[in-house]
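Next come two complexes built around chain A: one with chain B, the other with chain C.
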Partner chain A sequence: MVANTQKNAIEVDNITIRYDDFTLDKVSFNVPSGSIMGFVGENGAGKTTTIKAILDLIRTEEGSIRIWGKPSKNLHKDLKAMIGVVFDGSNLHENLTVDNVNFIMSDIYPNWRPKVFYNYVEKLKLPKNKKFKEFSRGMKMKLSIAIALSHDSKLLILDEATSGLDPMIRDEILDIFMEFIQDEEHTIFFSTHIISDIEKIADYVTFIHDGKIVFSESKDELIYNHGIIPCRKEDVQKIDKRFIVGTRQSNYGAEVMIRNVDEFKRKNREFIPERTSIEEIMLYISRGKESV
Partner chain B sequence: MNILISNSSDKPIYEQITIQLKQMIISGELRSGDQLPSMRMLAKELRISVITTKRAYEDLERDGFIYTVVGKGSYVADKNMEFVREEQLKLVEEHLNKAVDGAKAGGISLDELLEIIRMIYEEE
Partner chain C sequence: MKGLIIKDLINMSKSIKIVLALAVFYGVMAFSTENPSGFASIILLVLAMSMLSTYTYDEMANWDIYALTLPISRDNIIQAKYIFMIIISLLGFILNGLTLILINWLTKASGVFDGLVYVAYGTAIVIWFYSIIIPVITKVGITKARLYIVLFYTIPFLSGTFIFKQIKKLQPEPPEGLVKFLEILIRNVDTIIPILTIVLLGISYYISVMIYRKKQF
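And now, the complex of A and B:
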């Protein structure tokens, strides 16, 4: 199928969506095939709106979205069937059991794989004799993920699927993600505000802030390219401005976030940048934007 | 085979992997022709991103420690002794640098230092 040969699973090109109180502003990024991309940003930054646009659930005013190279508008049903979707807050009927779900989904999805589904049910320890309404929040989410993975999906899109779950269940879900991605044609795009999930397994991180994409980069490059320097307040001005991403000052000292760490180290012996984290980079960059 | 990843290390994760695999190859724990875990499998096991393991394997390949057969996997390359020696030399130099710094800080002369090295070397 076409799905396999494309370099990017998802291409978002310059989309704009205007609401009364919010604008998704010329958003562009690509999700490479075979990778895991984390989509981060504070609540209300535009994550869900972007995901809905990708799934063609809302209309975009400008720009275009391609999935496996094909316009996402009126995507062929065979391609649509290869996208597994999990939204925050499950929408299954309360009285359904695992067996009911299997029965219904085999009607909905032409590629429904009962064996795969029951494998996940087993692996994720989902109760077979309980009704959906008796499931815990974690179980509900796991069931949704099991469904999303059981119809020959090659692209998994999740919106805040791991939020509000305890660390153990989040860990199980990350395991499932890594399992899924063993196939080089499989791609995961997931939004979250829990950065530690991304810090572990994501290949790429796309950061959206106030309706705009701030960066969309390889996670490793992001982390290894930035560094943080703890220093005295009077030393801040000694640091070459071209490297500075942002500064945080307190009464007792300062911290400076810099980019191009390798070049910085070659030119400066006086300051030694320390390793930083995605979370810190996000904070410094978004705060830097606001102060401009 | 053990690969240990430290999140608090100053060294990037891909470098931690390459260092440990190189050591295993130099020490003979991994022999030429041995198959390495696939990049995706290693990523899954270590709970790190595929890009990170890819980078590690690419670096190892560039340095001649492993080779990759498309569609089959990555294997330990024939041991190039000259190369291994080069690696060891680098390592020794690194340690000696520290020793010299220490010597200078403590006012230990070059002759004394050489004497210490000779003693340690001949002891073994």
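And now, the complex of A and C:
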């Protein structure tokens, strides 16, 4: 099967989309097969636009997108059947019930698994006879995820699927993703602005800011390569600028985010970088830069 | 694609109680007045509204953006709507035909076949209505299309009536050529209506597919 042999589940190469007030600018990144990639950025950074481009919902002016090595444009139905998609908010009709959804999807997906679907319905405690309009937001998201997982999906693409949910439900959903990814053929690409979700489950992080990719790296390497140096304000000048990602100053002193921690440690004995987090790294990159 | 049609049928079935209530009410009216034409019009109108409501449901759920991620093509989505529309039109024909037969049987009136021909004409006109409106909905969405529906069907009707009256003032008798042309049309109505329906349907489908293939979400 195509999906098994490809190194990358998704390859986004240099895509550009221009709107009057926003440009997705030469966006490139790969989602390695068998991994979870978190796609993170502030609201309006271009996450949904990128996901729409991947799903062939909008045209790109430049660049190309490949899913399992095939152009995403007019992707073959057999490959589409292996992709589960969940958008922010529900896209199912308010009048439908769980049974209706099962009935409809079994005629849409050639690989639909009613047993798997109802297992998820049971597991996620979704009411079978209630209309969708009576579902809470959490229940709607859980149903959308149950659908995405009930047709032998090998790739999940989720756009802000956990946003606006309470921590308990978010945790429940993240556990389902972790269970899904145990199969090494499975891949998840999910956008979010909740960094703790990324820290909890992602193997890779792609950070988009103002329509541009800031970085797309392994989460562990990212954390390993960055560090925070707490110091006095006057000491900031002593730090080699090549290593500085961003600086934050307060009345009590300064904090400097540095990259290439190993190299920095070899060259500077004076400062000892402390471990940092994805959230800190992103905050420094998106805001700290201006204050360097 | 079958799933898309089933989705619309399920959505429509949720408002079936209203359709049935109207059918019973106007059925009784038709029977008591021995005139099934009012009933036929109402059934066709209600079914037309049901067809349009499937678009409303889709728009409210933001369904299309999700549907396009399913293993179906853009063309399939349009095909499903046209097939559903034909199913609805045939349903209207069957309902009206059965009512006509029932009334004729109960009142022992003659002319069932002629009546069925008129029901078929009515169904064809409904298909013309859909054929014009579906590409518009595909292009602008149902919310804006509703406004266009009103404009499309009232402005030509009102302005046509006004122009016709003006012409009649100037020339009380219609020109002989026009009368002859209309006579030819009426004589060949059994051929013209089906051909016109198929041609309109074909053009409408082609336009909708072309619009939808380029649509951005």
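Following the convention adopted for this analysis, the second predicted complex is superposed on the first by the 287 of 292 C-alpha atoms of A that agree within 3 Å, B and C clash if a C-alpha of one lies under 4 Å from a C-alpha of the other, contacts with A are read in each partner's own complex, and residues count from 1 in each chain.
In the analysis below, contacts are C-beta pairs under 8 Å (C-beta built on N, C-alpha and C of every residue); 3 or more make two chains touch, one makes a residue touch a chain.
Bear in mind that the values here come from a model prediction, so they are computed numbers and not experimental data.
Three-chain overlay on chain A, with chain B and chain C fitting side by side and no clash.
When the two complexes are overlaid on their common chain A, residue A:100 makes contact with chain C while staying clear of chain B. When both complexes are overlaid on chain A, the residue A:83 reaches chain C alone and has no touch with chain B. Applying the stated contact rule after C-alpha superposition, one finds that A:108 touches chain C and leaves chain B untouched. Angle at chain A between chain B and chain C, computed from CA centres in the superposed arrangement: 150 degrees, to the nearest 10. By the touch criterion stated above, A:92 is placed in contact with chain C alone, chain B being left untouched. By the document's definition of touching, neither partner reaches A:248: not chain B, not chain C.
Set side by side, chain B and chain C differ in how many residues of chain A they touch, and the one touching more is C.
Within the superposed three-chain model, A:193 lies out of touch with both chain B and chain C [touch as defined at top]. When the shared chain is aligned, chain B comes close enough to touch A:203, but chain C does not. Within the superposed three-chain model, A:174 lies in touch with chain B and out of touch with chain C [touch as defined at top]. In the superposed pair of complexes, A:58 makes contact with chain C only, with no contact to chain B. The least CA distance from chain B to chain C in the superposed model is 27 Å. No residue of chain A touches both chain B in one complex and chain C in the other. Residue ranges on chain A touching chain C, taken from their complex, read 52, 55-59, 74, 77-78, 80-81, 83, 85, 87, 89-96, 100, 103-110, 157. Per the touch definition, chain B reaches chain A in the complex via residues 10, 12-14, 40-41, 43-44, 47-52, 55. Those residues of chain C that touch chain A in the complex are listed here as 2-4, 6-7, 10-11, 14, 57-58, 60-63, 65-66, 68-73, 216-217.
Residues of chain A touching chain B in their complex: 34-36, 174, 178-179, 181-182, 184, 200-204, 218-220, 223-224, 275.
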